[in-house]
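Alright, structures below, take your time with them.
What follows is a pair of complexes built around chain A, which joins chain B in one and chain C in the other.
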Partner chain A sequence: MKPKVLLDKVGLWSATVVASTALILGVAPMTAKAINVPTAVTEDGKNTYKKYCSPCHGEEGKGDGPLARSMLPKPRDFTRGAYKFRTTPSGSLPTDEDIFRTISYGVPNSTMIPWDILTEQQRASIIPVLKSFSEAFEVRKPEPPVNVGLEIRPSEKSLAEGKKIYEEKLECWKCHGVEGRGDGPSAAEQEDDFGFPIKPFDFTTGKFKGGNSDRDVYLRFTTGLNGTPMPSFAKELTDEQRWCLTHYVMSLIKPEETCK
Partner chain B sequence: MKKLGLGLCLSAMMALTTLAVAAEKPAAKKETPPDLYEGTPDWYKAVYRDNVGMREGSGPFKDYFKPQMLDMYWQPNRHYEPMKNLDHSIFIEKERRDLCVTCHEEATPGVVRDWRSSGHKNPKSTPYLSSRTAEIEKRTNRVLNEVHCFDCHADTQKKQIRMPTGEVCGECHRPQFDDFLREREVGRPNHIQSWEANTIVPWYAEAARRGYLYGQHGCDLCHSGAEKCDVCHTRHKFSAAEGRQPEACITCHMGPDHPDAESYGESKHGVIYHKEEEHFDFTRPLAEVRPGKDYRTPTCQFCHMYEKHGRFIHNPVMKGIWRMGTIPPKNLEYTSSLKDYPYGIKIIGDKIDIYSEENVAKRSYWLEVCAKCHSDRFADTYLKSLDQFMFQAHTLADKAQKIIDDLIADGFLYPSAADRDPYPLSDGIEKQLSPAFLGEPIYNAFKTLKGKFPVVGPILGVYGMFLQQQDNPSDIENNYNRLWFWYKLQGYKGTAHVQQDVSWWWGQAPMMMEFTKIQSEAARLRREGRIEKVSVSK
Partner chain C sequence: MKSLSFFIILFSFLGWNIVSSKDILAEKNYIEEEVTDGGNIVGSVKYMGDLAMLKLDLYGGWELTDTSKNASEKLIASRINNGLKYAVISITNIAKGKKRLIPKTHPIIDQQRSNFIPHVIAILAGTTIDILNGDEELHTVHTRTIKNQPFNLGTTYRQRISRKFDYPEIIKLSCDIHKHAYAWIVILDNPYFDITDRNGYFEICDIPAGTYKLNVWHEELGNIEKEVTVYPKKITNVGFVYSQN
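Up next is the complex of A and B:
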């Protein structure tokens, strides 16, 4: 009996260590590693964009490629410089690393696959091409990334605080639903800045569009998603409260329901 | 309309059958890769199999029309072209299987969900499935824990996406593939030659030439069963159980030329099926179905896929005797030109001897099926009465054809063949087909008369239902087409499937009414012809 229990525990810890390592290795390089982005549009960048990006995003970056018409959500229109997934404050342009990360990681629940199938150099070469589609990058610079406060642990107390924010303070449920299924009473009315209907995120899927780490989710509350009705709560919530909300929405994930 | 198209194409085809390729016994099947065109002559492969994309059509008259874009999905070997919008080669080169699902889960979620619930996603999810998968693993020397998008859609040699054909399915499902291939043994009408049936008839290319290509959409949809398994086992579940349900057949098998859905569906067999459908166990292989327990009444598949002596075969055409009901039987004395059918034309199947040794054997296999529930005497009596119905129907058709033959012989058919548009695609027939193909006299007729001669009756006379030309055919000829092609066939299906209303009101009754019209029309033509002669002579 005892040896078996011991074995189980060893097994559990080994699995945890392996999983954590995998998670760290998998996420960290994309977010932290310095990338070498060309300062101007290159031939390689143009060709890569044309071959792999323009079928959806269009030759001029308007989100109107030949495959776009039947797609929902619609591919991003780059001409406004509105990028959802950033480390920069609400309304700011993204950093090159932000764009690189989205290209590499993809956007779950959309047809934007992780383009890690392209070399790092190819992915980096696309970034000036995307930026060239919007005048915003000529007249403005991305603001510095927001400060990520010290993470607090998910505890009974922090989850309760997150729930309170979700249900009472911010009333997240109005769009995202009481159980986080993206089915709140206002869900059907939401539109993005491009005039397309946009579905509030269903937290139960656990496939967060901007990344699945605590930090990623925290960043969404801090930076907001430009071009969408999802605002930044950097002013409304303290750093600690944003962590509480992060842990709470992550507690809504229902792995048994995530398989489509 | 679609049904019509289907039907006529089918029937035409059966006529033109010899073209088709007698099946040769494939040697060492298991070692050779699956080939849907195995045993067919080179000319055949060159016009039906070799990929030409959208550049030209299919069949002997391929140069006279360009296909519809949709045809690439119906006949992928011949016409498929990979998408140009997004080059998928990088995914194939790097074998990134995960990305297929990641993207298509959003781009085409229905497809991915279908696949997730299929046996391909979980080929070992039940003991039965496991045992079948184990057989495939052994035969193919592969380990199959998941059959993935990549396995069927990735052409790893050309590094492009392919539209899977039966050959792809046959890599794993070889016994089913080989059974399907055996349809060639009995010739048209069958499924494996259905695209040939669609495009070998001269009126298909002629209609395209006259601006009716897209009017033949209905023809194409049904006749796309030649290369693809998803006609019966729909994408992307590819469920065997689904293929065993009568509904798998009815999108094509309905309508004026073969009202199978209607005649089975409203028969006692069909009514019991609809009433008790939820008690039918379609997960059981046909050979293991216990009549009265798993099925209280037979399905299309249970009767038609029964081959003989308790064995089922993965095609529904092996036991057919009357085939589609279009080809005249040998066992009648004809008064009309039907006595000369098939008129020396080499590409049309000969008359059917209902009492040939082979057909008598087939009949006994039918009785083996019927006897699961009916007495041998009842079943035999029923099927003999079907034969009698067919003899009577063909006799009526013979009388009708005689009326038109006589009009032609006496010079009363109006407008005469010389004053009409020629037979469909006469220039193409003369150019593309040889005396060996057509028979010397027919070939010479095209050569000298350039198609300016009347063509009446099965099968080549059916063109009037598929093509509109100036004065060709005339009304009386189309009345006759309706008689032999629609009403005779409807009566046949109604009788064969035991649906009394279809047998009489869709079959025998309109056949007789059409016959009356033909008689009246003939009398009118003769009268007018005589008046004209008198006035001319004055």
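Up next is the complex of A and C:
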């Protein structure tokens, strides 16, 4: 082999290696956004919880902090291990990512703010503290997240199908109202697992509690909201029907009212 | 030699798996054995309270709404002998006894006319229950448990939901759309239990001789506990009475 060819080959290979390393390094933080959740309760986590969370959620996680009195919806009582916003099936415990998501994005239409003022590490350190409040995490393990199917396009047909499910098959209107204002005939008597009255969600506000993307709304039907009367319809609806219902529910948002 | 040691390791691992899975399922303090000369406990639960209000026909034969028809299932007592229906009797402190037989056919809780049937069901830990919907409208089945996996599912006509209950607990199963409808699932860790029939009678069989604590649970009236001595191959009679106050 001539030295020039050899040099070319070496150059090509080294260029490839350098490029792929750079790619891997560049892509890694995007795909697997590594949140390092500590496995045990740390001193840092305890302090963070005490300073930022306990005023509402209480020192022992019972949702009875000094500020909780004036709030509705009430701050979550962590002792039951019932978390509303999950990617896991109905009744299951949440994954760490689910808890992290709720802490980071907050819950619109409630007093839970997005805690992005804390560093990622601080937010992650709270997770084991929350888990330690409930014996459920000792007995059970979170089930694997549900499979989110391929989204279908919102079309007239899918909206009509969604409307049919909303009004006839599942009778969502009984709680959420025909126009989605949360004023259905059964709305007044609903209460959550802790005995506090709870209002069915008003879709017209458009500020969905678990997130505003199609996927988030889809996940709410599929997983249900633990601790609330909202059930899971994973068994009742096919994947396609759930997407239709998602689009129909999203179509109930009234932007002109929301802007006020 | 290498393969032998590999197999030893593999089998010990498998064996450990079986042991550990048994550990989780079975109650740790309960030992199963053949009971050859066991005794029986037979008895009744009575409610000596005022039931007049439940039977009073205030509407003079007019059609009642579904809600008021269903509301009375929480306290049913026989008119003839005051026997209390749907009370769960169990032996709480038994250390060893007959085998824990988990039924292969799943017990059923059905929802008919916006009501759960039966209203109370007692099962052994580890049993799977099928929850059906016999109405042509939407129901939800909602439990609020900590140890057993809770669930909250919407069910339409002819839906069948199977759920396994692994830990002893008293669970209230309710429908959020029809607030009056609910059922109780009583999960027990040993096979010595029974539910009273409509005349308040119960029977528990094949109990090794000894003195035990017998507990009665009723959703409205609470718990009563009594000590009972069982003799081999004999029937012991027990009576429980709930007074009004």
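Methods note: the second predicted complex is superposed on the first by the 225 of 260 C-alpha atoms of A that agree within 3 Å, B and C clash if a C-alpha of one lies under 4 Å from a C-alpha of the other, contacts with A are read in each partner's own complex, and residues count from 1 in each chain.
By definition in this document, a residue touches a chain if its C-beta (ideal position, glycine included) is under 8 Å from a C-beta of that chain, and two chains touch if they have at least 3 such contacts.
Note that the coordinates shown come from a computational prediction; the quantities given were computed from them, not determined experimentally.
Trainee: Chain A residues in contact: does chain B have more, or chain C?
Mentor: C
Trainee: Of the two partner chains, chain B (first) and chain C (second), which one does A:G106 touch, if any: first, second, both, or neither?
Mentor: Touch status of A:G106: first partner only.
Trainee: Now for A:G81: first (chain B), second (chain C), both, or neither, which partner does it touch?
Mentor: The second partner, chain C, only.
Trainee: On the A-aligned overlay, A:P114 touches which partner chain: chain B = first, chain C = second, or both, or neither?
Mentor: In the superposition, A:P114 touches chain B alone.
Trainee: Touch check for A:P38: first (chain B), second (chain C), both, or neither?
Mentor: In the superposition, A:P38 contacts neither chain B nor chain C.
Trainee: Between chain B and chain C, whom does A:P66 touch in the aligned arrangement: first, second, both, or neither?
Mentor: A:P66: touches chain B, not chain C.
Trainee: Which positions of chain A sit in both the chain B and the chain C interface?
Mentor: Looking at chain A, the two contact sets are disjoint.
Trainee: Looking at the complex, which residues from chain A come into contact with chain C?
Mentor: 80-82, 90-92, 134-136, 139-140, 169-171, 174-175, 186, 189-190, 193, 224-236
Trainee: Can you tell me which positions in chain B touch chain A when the two form their complex?
Mentor: Residues 85-87, 90-91, 94, 96, 99, 102-103, 105-107, 109, 112-113, 116.
Trainee: List the residues on chain A that touch chain B in their complex, please.
Mentor: For chain A paired with chain B, touching residues are 51-52, 55-56, 65-67, 70-71, 106, 109-111, 113-114, 117-118, 259-260.
Trainee: Chain A touches which residues of chain C in the complex?
Mentor: Contacts found on chain C: 137-138, 140-144, 146-147, 149-156, 159, 161, 167, 176-177, 179.
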